[in-house]
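There's a structure below that I have some questions on.
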Amino acid sequence: MQVFSLTAYEIEAIQLSLQVAGLALLGCLPLGLVAAWVLARCDFFGKSLLNGIVHLPLVVPPVVIGYLLLVSFGKQGLLGHWLWESFGISLAFNWKGAAVAAAVMAFPLMVRSIRLSLEAVDGGLEQAARTLGASPAWVFVTVTLPLILPGILTGTILAFARSLGEFGATITFVANIPGETQTLPLALFSLTQAPDGDAGAARLVVISVGIALAALIASEALARRINRQLGNHV
Amino acid sequence: AAERTYLYAASSLTGAMTALAAELETTSGHQLIAVFGASSTLARQILQGAPAHIFISAHPLWMDKIADKDLLEPGSRRLIANNRLVVAASRADAAALDLANTKALLQRLGNGRLAMADPNHVPAGIYGKQALQTLGLWGMLQDRLAIASNVRIALSYIERGETPLGIVYASDLVGRPQVTAVALFPDQSHAPISYPMAVLRGRSNAATKAFQQLLQSDKGRAILTRFGFQPL
Amino acid sequence: MSDGPVLNIDLEHQQGAFRLAVSLRLQGGLTAFYGRSGSGKTSLINLIAGLERPDVGTISLGEQVLYDSARRINIAPEKRQIGYVFQDGRLFPHLDVAANLTYARRFITTELSPDRFAQIVELLGISALLGRRPATLSGGEKQRVAIGRALLSEPQLLLMDEPLASLDAARKAEILPFIENLRDQLKTPILYVSHAMEEVVRLADSLVLIDDGRIIAHGSVEQTLSRLDLRPLTGRYEAGAVLQVEVCAHDHAYQLSTLRFAGQQLVVPAVDLPIGSGLRVRIRARDVSLSTSKPVNTSVLNVFAATVMEIAPDEGPHCEVLLNIGAPLIARITRKSAAELGLAIGKKVYASVKAAAIDRHNLGLRGSPVNHS
Amino acid sequence: MSDGPVLNIDLEHQQGAFRLAVSLRLQGGLTAFYGRSGSGKTSLINLIAGLERPDVGTISLGEQVLYDSARRINIAPEKRQIGYVFQDGRLFPHLDVAANLTYARRFITTELSPDRFAQIVELLGISALLGRRPATLSGGEKQRVAIGRALLSEPQLLLMDEPLASLDAARKAEILPFIENLRDQLKTPILYVSHAMEEVVRLADSLVLIDDGRIIAHGSVEQTLSRLDLRPLTGRYEAGAVLQVEVCAHDHAYQLSTLRFAGQQLVVPAVDLPIGSGLRVRIRARDVSLSTSKPVNTSVLNVFAATVMEIAPDEGPHCEVLLNIGAPLIARITRKSAAELGLAIGKKVYASVKAAAIDRHNLGLRGSPVNHS
Amino acid sequence: MQVFSLTAYEIEAIQLSLQVAGLALLGCLPLGLVAAWVLARCDFFGKSLLNGIVHLPLVVPPVVIGYLLLVSFGKQGLLGHWLWESFGISLAFNWKGAAVAAAVMAFPLMVRSIRLSLEAVDGGLEQAARTLGASPAWVFVTVTLPLILPGILTGTILAFARSLGEFGATITFVANIPGETQTLPLALFSLTQAPDGDAGAARLVVISVGIALAALIASEALARRINRQLGNHV
């Protein structure tokens, strides 16, 4: 094993991790937008409860979330059963399940960031758009959405990082199956637990951080552009 | 109170050690604070100076690591109990399984997976892999595993019907009515599953002594038995 | 004007300690809202635009009920087709100037003729800014873009909240004719909030005076500005009479026009309108001087024989003299002069009005009487 | 004025495609910056306040170098003691009005006398708003609070960027004397950006005309407004002459004051100043009429014997006539009148100025000549 | 054991959890502010690296972070040694160590939320404050800080929730010591390991969620007030 070339084991874990994080983001983003909107702009009975549920994955240890996912999305679980019957989708012990676990864990971070931006949007601009003929949906697309891009970006990067690092819920929900559900953190964990895995673990830490750093640098460049467009500090 | 006495024990011993600590307190008044975790984690912490007085590992490997650093009170190391490895299945599917009949095993597995703890580092997994290798099943099953981070999670896969079968300790089945053992791995198929206990260097005190005594007493052995272990 | 939809407002609205209670019926043309800071002008047009909900009441525009608290009708702002130039600009910071201007286009089915876009951009002097973001614009530039944006939304009714406040006189002079054109050619009714009486006189058909959330007066600009009891609100400096006149001759050599009213003639700087056009002229009281003998050899081109109808003294050095020259005219002179000339009701005097004192600022390009039903 | 620190500006600054290149020396009093939208007024005062850094150049106030690109000096804005009323308000949204007003107090060692606070609050008409948040204020209310906030910071130099643009005439009329007082009593030099020539004339000692980032003219208000070549920038409508006068008598019965200049007398509405006080009066060209025989039996109180010095024709219907009445006076009459009266250089005529045409708006409460070094 | 009264074991875990989360917040908040400020407003070489380090705890599995903490802050670790020699502070295997683990894991959430708010602050207001005599430090205290309160609040609630739920790093760094480092998630874990712990585990999940929900409701009320003060949407 050479120091500067990746082993097949590492490449597999990297690919899987990116795949999982990508799918997790794909699910998180639209749902996160909706949840953030509802929490920021609507007032209804049970809002606190919704808010609590959204934050649940932060408060409860990941292993518990993993267990709850197992209970609901497992073969015997209500949702799992329904998914399987209706769409033929099974999340058990495969990467899609890992993505669900990552998405659930990343969700509160996504929602909170977007919500923070949403609450800071100048309502006057949205009003102006409406007088110009934009329906609320159009206002959202053409005014609100561009204005909350920084929040979406922050939410996305947090969610991506969290997905990339997700461990407890994943290993509990879909187990640690090489090539199937063994993402970087799971591979890393295995190595740290093995008596002689330290060197390999260190390599994986560097790889994880490298990927995250690359994503961060890209997001910073994007954020810079967005902020310049909005006339904010650069 | 005087100095606290810490007992670092592998997670699989949680039930038994909690009961033993309670017993120790009622009979001798000594308080033991039980700290549970993966054997590997606990060993690492002890190597980093954790305030453990007694360490009970689920595998001799981790005890050796500490012994290597010469951190054990001489003469205090001994095996306290054995455990058995079983193939468990849901109570609903309790028919006995013949491990020698590969075909039956595969049939039982169907397109499901075999749950077990991580064969790379979790003791239950390490023993399980050994046993499967001895039985010539490893090559066939190694791609069909659902590898959990500890035995409890492997157990919950079986409980929830996520996997038809799984490899767990016999002790894990105590208090778990939904699961049952459908096959017992032969003792010689894997290294003996024994729990080494040792007192850490310079940490010997009245409480540790009382605890060592309790373990050798009938009372202590009864408790271990109750929780599915075979006291030594 | 009888053309254009009728805007009917009858509502009450409480915000904080401030209470707005308005009942108004406006038809066509340009209606100015005039009132001191904090009197409720912005609040009122926000209610009309649908940005706030009145506590109780109704708002309707033509046939369409925009709001009715009793019938639980509340048309969404975007369905009201009401353009709004906000007091505070409200440009979209993430769009460049061009995209701000054309924002409303995607919600309008008719095509935007490139000419019209070019015309508005040219007029507002923002063609060099099209690619810029609002954050880098000067205060006046922002306001001009905001005006353009509202104009390009082709509204059925246009609300303008002090649109020209941050513009220099030259720029104002360029934009005012455009708003007049909008009012006259496109027949877009306009509600126009302004602090500048010059703008009001020039542009407005009718004037609504607001104070402390209440309508104090509403009527044609002429009527309202001639009412002595409203002076504290309309401002003494700006007092004057408004004449409905008709263009009757042009003197191209001297660039003057002669206007006719009630059998009298008024010479003013050339008006670029065909003979026969109706026009409104405001003659400020401070620009009228009186004499008891006919002035001779003077540069003043307009001298009218007049009868004193009323003398309104005030506590200051001035008094206002209401004259009849066939139409009402107001003169503002010192009390000392009034005494020295021995002015009294019924006395015959001569009123002098300098042609130079009447300029574009005092010419409203619309003469037909406002229909206040 | 020779009192007050000298503000020396010599800088160049590029922002986007816009280039500002300014060299100015201003001393004391109130200097108005006048120029069309986008000409660089706000940019310039931002540089003076230290909110932007000039590319090259120096700025100094009195002895203190505020900025010097060569010597790498750049005093922080908070150390410049420069108050700034922003064009866009910039009230702190998280503080109520009272806290906004007193924000600067914690950085000032001297005590705030409750009287002064009360006086400013009263003057600005914001006493009812003290507990409110900026978000609920009307446009004009916000601007008034912003003015109060800057005033209460006791600056060494005050920058005001169109502070009165969103205020009604009545409110303006109340605040203007206060700014005059600030200028005269507190000797705070003020740089004042305005689009309203009335305000400029009333308040300013000197006038800086800016166009496209360059100083076009700088001098006393009198000089600058009298220059014919600057008319395109200063605006024709506002042309006029400014007289330095001295109060010489009061007529309490009629509430008039008599002012003296160059052996002549001018009667105007009562001026609340002791006899002997210096004063500046602006007589707008459009308020002066001419005749070749002495007007009689007229309400016009001020008639001066005058000699025609210059006749400036223009393309329009008017011409401007520069007169000598002991001091320069400008009349604006139609070309037709000029022809009919047979005006020519050297001709003796009578110039009539209505007392009513001169009001507070045209009276600057400071008479001593401006020192332009 | 009654259903509606807490056992001593539970009370101990709750107290400890709150203590740990509290101390973690106390450490996170000032450091998070500084880091957010530096990332939002400064430009320097190595900014990307700093950004990467801040996000590290999200990307790398908690267990690895815990291990790194153990290696550096353990008695044998460099930092741990220095802390002990210089201040007599030991983090190893006590609740202070648990707080450090929680703080490290919560840190990126705190920083990102505050940074998001910071970047949306209107620079014009800060300029106005400076012309009124406020030094940059005062501007920060009197203008910037109040304006970013929503972001601080969001960061705090995320960090609090994360601290409350922190498991992997804690158990690895300071072990699962009852009364000392056994916070709610660790107690919960212990119960899942015991043969008859399921009911107790479920109780602890409910308790964790209850605490988080209480904190959320309080923070919502606060956020509402702050937003009302700032004139934002309510």
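Letters A, B, C, D and E name the chains as they come in the text, with residue numbers starting at 1 for each one.
Here is the rule we use: a residue touches a chain if its C-beta (ideal position, glycine included) is under 8 Å from a C-beta of that chain, and two chains touch if they have at least 3 such contacts.
Keep in mind it's a predicted model, so treat the numbers as computed, not measured.
Taking the definition of touch as given, a chain qualifies here only if it contacts chain B and chain E alike; those chains are A. Seen from the C-alpha centroid of chain A, the farthest chain centroid is that of D.
The pair of chains sharing the greatest count of C-beta contacts is C-D. Averaged C-alpha coordinates give centres for chain A and chain E that are 19 Å from one another. The mean-CA centres of chain B and chain C are about 90 angstrom from one another, to the nearest whole unit.
Each chain gets one centre point, the mean of its Cα atoms, and the points for chain D and chain E are 57 Å apart. Chain D has its Cα centroid 27 Å from the Cα centroid of chain C.
With touch defined as above, chain B holds no residue shared between interfaces to two or more other chains. Multi-chain contact residues of chain A (touching two or more other chains) are listed as 63, 67, 189.
Across the assembly, chain C contributes 88, 136 as residues in contact with two or more other chains.
Pairwise, the chains that touch each other are A-B, A-C, A-E, B-E, C-D, D-E.
Of all the residues in chain C, the ones that touch chain A in their complex are 49-51, 76-78, 80-84, 86, 88, 90, 92-95, 103-104, 106-108, 133-136, 149-150, 153. Against chain D, the residues of chain C that register as touching in their complex are 15-17, 34-38, 41-43, 87-88, 125, 128, 132, 136-141, 144, 161-162, 165-171, 195, 197, 235, 237-238, 251, 254-256, 267, 269-270, 285-287, 289-293, 295-301, 316-318, 331-339, 341, 352, 354-357, 359, 361. Residue ranges of chain A in contact with chain B, taken from their complex: 63, 67, 70-71, 74-77, 92-93, 171-172, 175-177, 189-190, 193-195, 197. Against chain A, in their complex, chain E makes its touches with residues 40-41, 48-49, 51-52, 55-64, 67, 108-109, 112-113, 115-117, 119-121, 123, 150-151, 154, 157-158, 161-162, 164-168, 185, 188-189, 192, 201, 205, 208-209, 211-213, 216-217, 220, 223, 227, 232-233. Across the interface of their complex, chain A is touched by residues 38, 40, 61, 65, 113, 115, 118, 120-122, 145-149, 153, 156-157, 160-162 of chain B.
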